[in-house]
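Notes to accompany the following structure.
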Amino acid sequence: MAYHEIIVAGFGGQGVMSIGTTMSEAAMAQGLNVSWLPSYGPEMRGGTANCSVVIADTEIISPIVLEPSELIAMNQPSLDKFEPTVKPGGLILVNESIVERKVKRDDVRIVYVPSLEIASELGNMRVANMAMLGAYIEATKFLKFETVVDMLRNIFTSKKAHLVELNEVALQRGAACVRL
Amino acid sequence: MAYHEIIVAGFGGQGVMSIGTTMSEAAMAQGLNVSWLPSYGPEMRGGTANCSVVIADTEIISPIVLEPSELIAMNQPSLDKFEPTVKPGGLILVNESIVERKVKRDDVRIVYVPSLEIASELGNMRVANMAMLGAYIEATKFLKFETVVDMLRNIFTSKKAHLVELNEVALQRGAACVRL
Amino acid sequence: MAKGRVTFRQDWCKGCGLCVSVCPKKIIFLDESMTNRKGYHPATVKEMDKCIGCANCARMCPDSIITVERE
Amino acid sequence: MAKGRVTFRQDWCKGCGLCVSVCPKKIIFLDESMTNRKGYHPATVKEMDKCIGCANCARMCPDSIITVERE
Amino acid sequence: MAKELWKGNEAIAEAAIRAGCRCYFGYPITPQSEIPEYMSLHMPKAGGIFLQSESEIAAINMVYGAAGAGARVMTSSSSPGISLKQEGISYMCGAELPGVIVNVMRGGPGLGTIQPAQGDYFQATRGGGNGDYRLIVFAPANIQEVVDLMQEAFELADRYRMPVMMLLDGMIGQMMEPIEWKKPPVSPDDLPKKSWATTGTKGEREPNIINSLFISPEACNAHNHRLEDKYRRVIANEQRYETNDTDGAKIIFVAYGTPARLARAAAGILEKEGIKAGVFRPITVWPYPYEALHQVAAQESVKAVVTVEMSTGQMVDDVRIGVNGVKPVSFVGQAGGVVPTPREVANAALKALGR
Amino acid sequence: MAKELWKGNEAIAEAAIRAGCRCYFGYPITPQSEIPEYMSLHMPKAGGIFLQSESEIAAINMVYGAAGAGARVMTSSSSPGISLKQEGISYMCGAELPGVIVNVMRGGPGLGTIQPAQGDYFQATRGGGNGDYRLIVFAPANIQEVVDLMQEAFELADRYRMPVMMLLDGMIGQMMEPIEWKKPPVSPDDLPKKSWATTGTKGEREPNIINSLFISPEACNAHNHRLEDKYRRVIANEQRYETNDTDGAKIIFVAYGTPARLARAAAGILEKEGIKAGVFRPITVWPYPYEALHQVAAQESVKAVVTVEMSTGQMVDDVRIGVNGVKPVSFVGQAGGVVPTPREVANAALKALGR
Amino acid sequence: MAIVYQRSKGLADIETHYCPGCTHGIIHRLVAETLEELGVLGNTVGVAPVGCSVFAYDYFNCDMQEAAHGRAPAVATGIKRVLPDKVVFTYQGDGDLAAIGTGEITHAAMRGENITTVFVNNAIYGMTGGQMAPTTLVGQRATTAPLGRDKSHAGSPIRIAEMLATIDGAAYIERVTVTSPANVMRAKRAIKKAFELQIEGRGFTLIEVLSTCPTNWGLTPVKALEWLNENMIPVFPLGVYKDITKEA
Amino acid sequence: MAIVYQRSKGLADIETHYCPGCTHGIIHRLVAETLEELGVLGNTVGVAPVGCSVFAYDYFNCDMQEAAHGRAPAVATGIKRVLPDKVVFTYQGDGDLAAIGTGEITHAAMRGENITTVFVNNAIYGMTGGQMAPTTLVGQRATTAPLGRDKSHAGSPIRIAEMLATIDGAAYIERVTVTSPANVMRAKRAIKKAFELQIEGRGFTLIEVLSTCPTNWGLTPVKALEWLNENMIPVFPLGVYKDITKEA
């Protein structure tokens, strides 16, 4: 029985919400149950934006994630806020490009992803969150890269088709951080 | 045990409400319990205006009068509307100056008062309703003429003092209709 | 002068007197000898031959109960 | 020309750049080498000696974090 | 004190002034327009404020502002107008502002009729506005009781920092009865100062803020629980009710306001027919005297509980909650300005007894 | 049909369009602004009407006008905005107009917070407006259910000529879930004509009048009893609920909307601790499935009934009425945007069992 | 003899509840005649307000809706958006339109909502018993202004025609009265023009009609007309305040 | 060196939640400076609206009340009637004042309510995420006007200063903006004059300030100022619309 409770958190503008929706779409494409719940309102301005994603092969009981099995922390305040809530044995993915500190917990798996560096090497800063997602997929192993790539193919068509490959590379580069 | 449930009804402008309040004030002055409840709203325009008065030496249970023990009908529509509701053995006072028909019931006491004629003989049309009130007092015998006259004395002072006597005469002329 | 004729739906008249006040020939009056079902003295015209059918009364009647005819 | 000095409460700066746009001396810039606690590059002045203390910057600052002094 | 004959609406207004209220905002609506009319003449005489607002919504928000500024303040309206005040009442509760709101109920729904009814019970006791909040709701049954409770209404509003509603049927607003002014009038000058009110800092304290916004869920939840605690205190201390011949009765009528009078008349009818009937009359309909009702209903002698309302059945929910299954609960009522007759009420009791 | 990932608010809007609604009036408010936003783009595309009104009051009165003109019409808002619509809703009920009203609830009272809550239960089920009236109130627990019920909501509104409310907590509006469009879309052209609507007499019939005023008490009372009869029919025919593992359970959780999910999580926790717990979930909160709840609660096995809400306790009144004293009823909840945790809910059950 | 004036077919054949001499009745007739003359009675939906004219739904011989107090313009908007080809009008008093309904009328004008509003300004709340209206004159007595409206406390009367004329969406705004046969004819022309412009789809039209309330002014019907001429017209000058057909 | 400009004591010492470059902040400062300069901070009660400036109650260094959406003028009226000697102001956005609160602002003006309103017109609903406001320009995009405001459907923007200037009780009405230091100084003078007239008891005063919403306009803060100058000012001309001190 797979039951993933994920929090993706960061500054507004870092693509936090779209990491969440992309993994939700992918999970759905794989026939899993899924829910996505954003934070909203004035806290979006400047402060921390986050979303909760639940993915399961059973019915989803609650879309609210209080104790995530996996946390994707895109910035320092998010790590500060959610690190303590992660389930023991869970996973924390850290955007190490802008999070300066290390994770303090020792009862969780930890993956550091230099998302901005990856993106800048690929020449397109917008793929930073794809690197994070790639790392997530690799670390948790229940979503398939092909699913995401297929989705990308549906999004980027004709003129934008070249972006598929770029994003795919970003996914892989993120995934590589897990294998390190 | 006295328990009087009275409806006073007529056209707006006939002083229907003030007959009701005057008898209420008088009853109160005599230490009786009393309630006065007007009809209100657009029906006041043109249609029938009426008020319900309850006077009792016990506690008043409801200010609503559905089956009056006494009815003062100042015009024809009022008689039409309320005649059937009067309690058997009750009293109907009819303003015979403008009500053209007779009362049909034979299980009630009936008094006809030519209020406009009385008023015009006294040279002041505004005392017509005093004549009706006088008839009521005489017919029911629980309110005292002195109480009402005392009240009048408090209302009509200095310049208007002469109106006390005029009203008193009207009361008596009304009362006389009962004795006939 | 044109010759006119007015008729009133008297049972609906409220005796407001607006027609009386605007009749240029001053021929409308409230008939105190009559009380209609609503308790009002309704408007009426005695000297109908003076009516010029100007319809002033009908224009002012809030209850739209005046019909005006003209030759 | 008067001599001025401006100081910024940099940790409150949101990097909106309004001060930059109105400085007649064009001496204000957003310091990309710095990211404040809120995640913004705060405004700063390098060539303070060019400042004429006109207070344009402070008038336009939506966050009221600029103090201007003048001789 | 000598008795005086007062029209309900005018007595309400006068009672408020005597309770130290010097501030009234309202909008005309039948059958309560005599309240603003009386206020328009007598408030200025008492050195107070009367203002006819552009709407009921404006009125309740003026009440909010005035209450926040520390005044004893009142508004009044009737059913549709009270519906419009729901957001404002919810705000007052959220911001913990005192004030008295009079609803002289008429028949509904919608424009309904201007005749007396009791169709706004739910709105009054459950909060027709958004969120978890309560009002103290007095439901007096005659003018004397309105007058007697008015001072208390303002006091409780101030004590608990919450609005208090006077829930009256149009009958009480329109009728006249003799009343006595039992309590000495309250002078606004003698009232305790409200340290939380926005009266200007004078540079001597931190700003006071009147507010119902608590943007973070934790803060808003804490605020709600704080309010809940307050409401618990009100429930513990402020239940009022009256019983009439309920001891050993076979039938218990439950009614508030005018129908309580009718229920007593019905009890009289039943008495004559050899059935002992009593009347349980809540005077506060929130907090509802559940426990007291339960005890009355739980008596051995009681065979049925009959709720009487000038509505198609609203308080009957509270009666069920209070009786909690120990006795059968039934309902009799008329709506839209029709008042159930004592005979009808008595028959409902007979029916409840299976006769 | 393939599943699609939809945001609750957008799915609501789309579901309405697919239900043949071609007319929307509303005013922005978090957390439901995506509904008008979606409508502003897609209603015109579907040949329908989207209009952003100047206020919630204007919106509900536009709904009144449009409904009276025969349209399938909808409005949506969130708690304070719904408070403002109470008079209008009462009018719609009085004039017997169909329409769908969506309330995506946030925390209160007053401005409260924009986070999800369930503090408007009383307002929805008891009528926050004046007079005796009811709405059919659906309280779905996930987006799929909202979508599935939307067509029915419009149908019931038309069938009974009364407004139907969708009572959702902000969670459902804001979240995304995969959904399926199970029913074929309804074309407005296929809907039965409304002979009572004001569409112009064309000189072929007597004028139609849409109205809630019945000035004489007798007429107004008769109207109220007519409405009551209609509501009785709704009560008889339209109760919806779901039970989950209630057979032979020791604990019955009662919850609607998001807390029903939490209650099931709590039941799971209790299961592990050896206590069988089930969930009773009303899907219509008016008419409330009293009888069904009663039967579940009356089972021998049941020791306690625990109500779970995102409020300080509102539906618990209905639970008490339904359970009617056969089992102890208790409550657990958080308000103002805080959601009770499954552990908290499970603990409340343990407490109810005296552990 | 030929009939030159008779009761309009636009009026239902029932008596009104209005007080004797109340000019609401005249204004009803003008609207009814207009609808009849334009041949749109079968194609019209009217909206009645809450005020003395609340029962207007019984008096006009066309489909009608009764709106909540002040909300007639919103109700009319709902109708018109659904039925753009119908003629839609509201009939509203000054409490209804200029107090509680200020927002709704202003925004109907702003949207250029293609409806016609007949605004009956009698400077008082008639239905509820003579309380002060936003249009009550300074010094005029009312049951909630027993000593007369006090400017320093309650302000001066609001002038709706002037105010709404500042709004782009307003196509035609005129103030008229019905105190004489000549004024009645002018009022009729204004009302007819408003409906004609609506039928042409030109936008929001409003005719403010100064009207009497003999009952609550405490005057005979005839004296009430005089009082209106002498006291109201100076504060509410008659005339056209907006006319898009005259704009460049 | 002497300090020639610093943060006003009228502002509380906390950060605002406003988006970068949002001119709400400038307008706050002007009000705060005015209260400080007039020496009335300890004698003032402000009323915050529902809109982006909802938290204004935390930002001004004086007693504050938070009003329901649109009702600030009614709340202010309640305060002012109880405390006639206090300075009372409302701070309101265009959704708050010109949509849901149309009735309240109009009637505060009609009563000549002795308060000051600072009306921040940014042609959009900021707080709720960029929906159309009554002041949104024709063609301007908004989340509820995804193809731009369509005049034939939603009308043209309402001009509040012009509309309220028709009302007798309005003592001073001016429209200003804050798009440049010079405009900021003009805006400050206007706001100060309004408060001064209030202190003199002259009646209702309103300053409409054209303001930016970079976030929902989708522009950088600096571009937003330019957009305002180029697009809003032609529709909402700056200037004095009512000044009783200039009347005969």
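By written order: A, B, C, D, E, F, G and H. Residues from 1 in each chain.
In this text, a contact is a pair of C-beta atoms (placed from the backbone, for glycine too) under 8 Å apart; a residue touches a chain by one contact, two chains touch by 3 or more.
As the structure is a computational prediction, the values presented were derived from the model and not from experiment.
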Field: Remotest chain, chain D as reference, centres from CA atoms
entry: B
Statement: Sorting chain pairs by contact number gives first E-F
Message: I'd like the Å distance between the centres of chain C and chain H, where a centre is the mean of that chain's Cα atoms.
response: 59
Query: CA centre of chain A versus CA centre of chain E: separation in Å?
result: 55
- prompt: Between chain C and chain E, what is the separation of their C-alpha centroids in Å?
  reply: 53
Query: When the C-alpha atoms of chain B and chain D are each averaged to a single point, how far apart are the two points in Å?
result: 87
- prompt: Mind pulling the chain A residues that touch 2 or more other chains?
  reply: 41-42, 46
Query: So which stretches of chain D touch two or more other chains?
result: 14
Query: When you check chain F against every other chain, which residues touch at least two of them?
result: 30, 51, 54-55, 57, 80, 87, 91, 95, 110-111, 114-115, 211-213, 215
Query: In the complex of these two chains, what residues of chain F are touching chain H?
result: 27-30, 33, 36-37, 40-41, 50-52, 54-56, 80, 110-111
Query: Where on chain G is chain F touching in the complex?
result: 12, 41-45, 47, 54-55, 57-58, 60-68, 71, 74-83, 86, 103-104, 106-107, 110
Statement: Interface with chain C, chain G side, in the complex: residues 1-8, 11, 15-16, 18-26, 28-29, 178, 180-181, 184-185, 214, 220-222, 225
Statement: chain H partner, complex, touching residues on chain E are 23, 25, 49, 51, 53-55, 57-59, 61-71, 73, 87-88, 91, 95, 198-204, 207-213
- prompt: Along chain H, where are the residues that touch chain G in the complex?
  reply: 99-103, 106-107, 110-113, 134, 151-159, 162-163, 165-169
